[in-house]
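Two complexes come next, and they have one chain in common, chain A, joined by chain B in the first and chain C in the second.
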Partner chain A sequence: MTLVNPEFAEELEKFGIDKTLDCFNCGTCAAICPLIYEHFPRKMIRYAQIGAKDRILENYEDLWRCLHCGLCIETCPREADPGDLILGLRRFVIDNWRRA
Partner chain B sequence: MYNPRYIIDVLADNIRKTRNPFGASNRTVNKWWKDTPMSTEGDAMLFTGLMYQLAPYIEKTTKQIERFEDTFFANYVWLNKYVPKFLVKLAFVFMASKKDKQPFNDILKSVVKILVKSNVDFFYKPKLDYYSGILLYDLGDNEGFIEHAKFVAGKLKEQGIKKLITVDPHTTYAMKVLYPKYIGESFEVKTYFELINFKAQDKGRQVTLHDPCFYGRYLELSDVPRKVLDDFGIENIDVRNSGKFTSCCGGPAESVSPALTKEILSKRYAELKETGAPIVAYCPICLGNLIKAGADVEDLSTFIARYA
Partner chain C sequence: MEDEDKAKETTSGQKVGVYVCHCGGNISDHVDVGKVCENIKNVPGVVSVRNNMFMCSDPGQEMIMEDLKNGTIDRVVVASCAPSLHETTFRNAISRAGGNPYIYEHANIREQVSWVHHGDNATEKASRLVAAAAAKAKGLQPLEAFRVDARKHATVIGGGIAGLRAAKDLADRGIEVVLIEKSPFLGGWTAKWDHVFPTGDNASDLIMELAPQVLNDPTITVYNCARVTSFEGFVGNFKLGFKTQSPEKGEYEDEIKKMIESGKKPGEFIPFVGVSPSSGIPDASEEHTVQTGAIILATGFRPYTPRTGEFGYGKFQEVITLPELIRIIAENRENEPDDTLKVNGRDIKSIAMIHCVGSRQIPGIHEEDEDKPLNQYCSRTCCSAVLHAANMIRETHPKTHIYDFYRDIRTYGRGQEELYEDASKNKVVFFRFEAQDSPVVAKNSGPGDHPLLVTVKDTLTFGEEIQAPADLVVLAVGMEPNNVSDLVEMMKISEGVDKFLLEVHPKLRPVEVAVSGILLAGTCQAPFDIGEACAAASGAAVKTSALLGRGYVELDPFVAEVDLNKCKGTGACVEACLNKGALTLVEMEINGETVKRAQVNPATCSGCGACTAVCPERAINVKGWTLKQYEDMVDMIVADRIAA
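Right after this comes the complex of A and B.
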């Protein structure tokens, strides 16, 4: 069971992310990403959109696989900056660690 | 893969206590300038950000973390934080030999040669040449990055420094984009290759430029070295993924997963070598990785300095 939190996008703003809801999940980022793992970063972005914090915290290692190479940012048709969202999620996870 | 939490904690602790991501002494790492005559006053400061100087240490450290990745020992990397910093500093004195450091020091000397030939009014103050903190930003430790950036910018501003000449994409991005954005401190930042101003001709020579992500996409500077090569009559044979759409060398994952870096690097190297031309890189991380992959590669500054 995963808890959904529609206000999570607002929470992410303090981590420098203000485009969480811009993504329409087309998957261009996952197609261009050099990592070609299971729908990265698309899946993480979906978790962020629905506010599935526990999923993000459980799968945090995936966030640090990202090379922050910027290919997804360059090609996103919604200009939703997927790579920056991943960077913001890293900040969110670190904040959780440090507050724990 | 290493637990990123342990790696971030160790790096953040090193930077906070020593202003160096490895916990090494900046004086140990930064010695290239000692036999290079340079003014200590001028219009713009050469700011290396210590990235080229750190490259041989990155190589040595990566070899170690590669050995222990996904083993039992990987779970204890956090203990590093508790090793007294004076011991870490001492270890770094012996970690890289003169032979290991020489090629990277020579790259910085090539930059100086290029700037002199281009009549650039510049100076160097080794004590003010700090690591920018970019790795903390990349790994998501914004708090640590901001604290370090304030320290570095404070030191530069104290000395009235307004203009910086940078030599690598990571430091360039930090000083040009991140410092104004996160700490409100701005410098006029130019890379050394934007300042190249002399003529040369070498018709018939071919190279393949490997654009680092930060220069290709984030800073959109990859046209500049192409123009320089073109003016020199040198043909650059581009691979499909170049410029704005360049492919990563895998370097950013190195601190948490050298295995992942290897995987990304092998794909990029396979693409680059298809042209058959010698590769020219202009980032110390890309250069170090391509050397590791066995590529016929040299740094842009070394290549250009031959004509200076």
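Right after this comes the complex of A and C.
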């Protein structure tokens, strides 16, 4: 059970991310991602959208799998820059590291 | 002399030409067309049997025209697809060859044979059907479509946006119009909106552009508080009775109160009510009759009313419908600008909007009423309306968060996908649910001071359960047709299983119903947005102008005909007649004696044949479909010589 936190998208702006809610969950990023790892990066983006901080912190390791190849940024139909969001989430995780 | 020859030729009916179509294999893959042709050659009267890959093609039609022109044949049978597809095609070919289009008979050997039977059985059935058609064709007489005068007058029922549009368009074509509106006000549901998607136009501006044009047009007479009471007649000559009376106690109470409070005069727009015509609200009831050439139904829709408890509606005061929210948004605009939307002085920090309420209902999942079918259709307009409202709120009240719960987003029209994109830019958070896992609205006993908690199994989060605390829950209710069962009954028109009125052809004749002279405009037919409703209304107006513009209408000649040599005036036919007034007993002089005999009014006769079935003297027949012809057909169907 996750409680929605609508403030989280604003919180992420501090980490350089302002397109969290641009994503419409099509899954193109997960399909093109060379990692072929579960639903990466789509699932992380979704957690960011609904403000599921705990889920992001629990699964922080996934964020460091990203190869920065940029394919998801190139193919995203909403130009939501999924790769950049992953980078921003890393900054968020580091910032929350000791508190987590 | 020439005319006499021709008459002799066309009444003889001894030279039947039969043309069998392969339909590019659709027929000939299962029916042995060559064998059918062989079998048909033995049918009495058949002088020519030919076949073609596509009879409907130009070369196919040429075959018929050639045989007619050189006098080889004088009756035509085409065996092909369903007559609804190409009967008219072949009648026209006969006309072009100088023949009477009614010397034609159609045999359906595709839908009734090759698509449902195979092998020898298919060939045998095809042979029998074609033989029967040939036998019937022998008895065909040339007929003339007859003309009746048509009044250049139309009646529009319903004074919403579609009714107003249709009335004005008709008046612009010089057709006199009576507009009948049930409520005291013009404008319908459009008058109850605020800014409308996708353009953001003010709904009141739309009404105020159209309503004064209607009210000021001398060719349009508007009756409000009016209900249709009777209907008779036929295209070009309908007679419609209606009654105007002051609203009953409780009816339109809020609207009338708002009108008085607003101090607005007739012709002026009253927000969320509409426009009162100059006649105001009638004090006494009055009966009216109008002679009219055509009727346009613009009876509109009503928003779905959620059941008590459906998403908490009726149980929690914080659960409202989208039309209610739209009113709140408009009323808030009059207040000081505020970062947070306020409802009854309460700060609304989060709104949960739920799509598809009362639309796309699924048997077994959604609760069913005994007296009402489930609304299985998509109401089409709600997705865009919800997103438009969400954007307005986010843009004016940035501290009010919005959660959008959808099954599918269907923002299908021009400028509507942009609403969905804008909603994302405006940071609306979307959740997606399956019909069987609809969001549950409950009292919030958890965190924050939000009164409600919406729980959903969110497919966007891979089926995880998500909870959203909400200060307001908005239900995007769908559209239901207004209940017009009285008109449906009176006018003998069809409604679909969804209770929306049914057009005669969904693609090629989308604004006409099966009864000639009655047309559809707007949301009585299907969920439409304002632009689509006006497009349908203008379409109906054009069709009406075309129908009435010539001053006469042509009617099918397939009507009953009395053989005065046989009629004994028993009156059995008059009793059996289903169309009041189509058959009467009249006095006439025969052999110096005054007797009563049956007489047909061809304008009202629908050609149903109920009279033919009951006449003890076999004195009445439907033209083109006589008893004798039926007997000939049956003889052929059972004849030994046709067997394959």
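Assume the second predicted complex is superposed on the first by the 97 of 100 C-alpha atoms of A that agree within 3 Å, B and C clash if a C-alpha of one lies under 4 Å from a C-alpha of the other, contacts with A are read in each partner's own complex, and residues count from 1 in each chain.
Here is the rule we use: a contact is a pair of C-beta atoms (placed from the backbone, for glycine too) under 8 Å apart; a residue touches a chain by one contact, two chains touch by 3 or more.
Note that the structure is predicted; figures quoted are calculated from it, not measured.
After superposition on chain A, the partners chain B and chain C are seen to fit next to each other with no clash. Look at A:78: by the touch rule set out above, it reaches chain C but stays clear of chain B.
Contacts of A:90 after superposition on the shared chain: chain B is touched, whereas chain C is not. Aligning the two complexes via chain A yields an angle of 130° at the C-alpha centre of chain A, spanning the centres of chain B and chain C, rounded to a multiple of 10. By the touch criterion stated above, A:26 is placed in contact with neither chain B nor chain C. Once the two complexes are overlaid on the shared chain, A:1 sits against chain C while remaining clear of chain B.
Contacts of A:46 after superposition: chain C is touched, whereas chain B is not reached.
Taken over all C-alpha pairs, chain B and chain C come no nearer than 23 Å in the superposed arrangement. Across the two superposed structures, the residue set of chain A contacted by chain B and also by chain C is empty. Those residues of chain A that touch chain B in the shared complex are 15-16, 34-35, 60-61, 63-65, 67-71, 73-74, 87, 89-91, 93-94, 97. Listing the residues of chain A that touch chain C in their complex gives 1-4, 6, 9, 21-25, 39, 43, 46-47, 49-50, 52, 78. Listing the residues of chain B that touch chain A in their complex gives 1, 3-5, 8, 138-142, 213, 217-218, 244-245, 247-248, 250-253, 256-257, 260, 264, 267. Residue ranges on chain C touching chain A, taken from their complex, read 350, 401, 403, 420-421, 424-425, 427-432, 446-447, 458, 460-462, 464-469.
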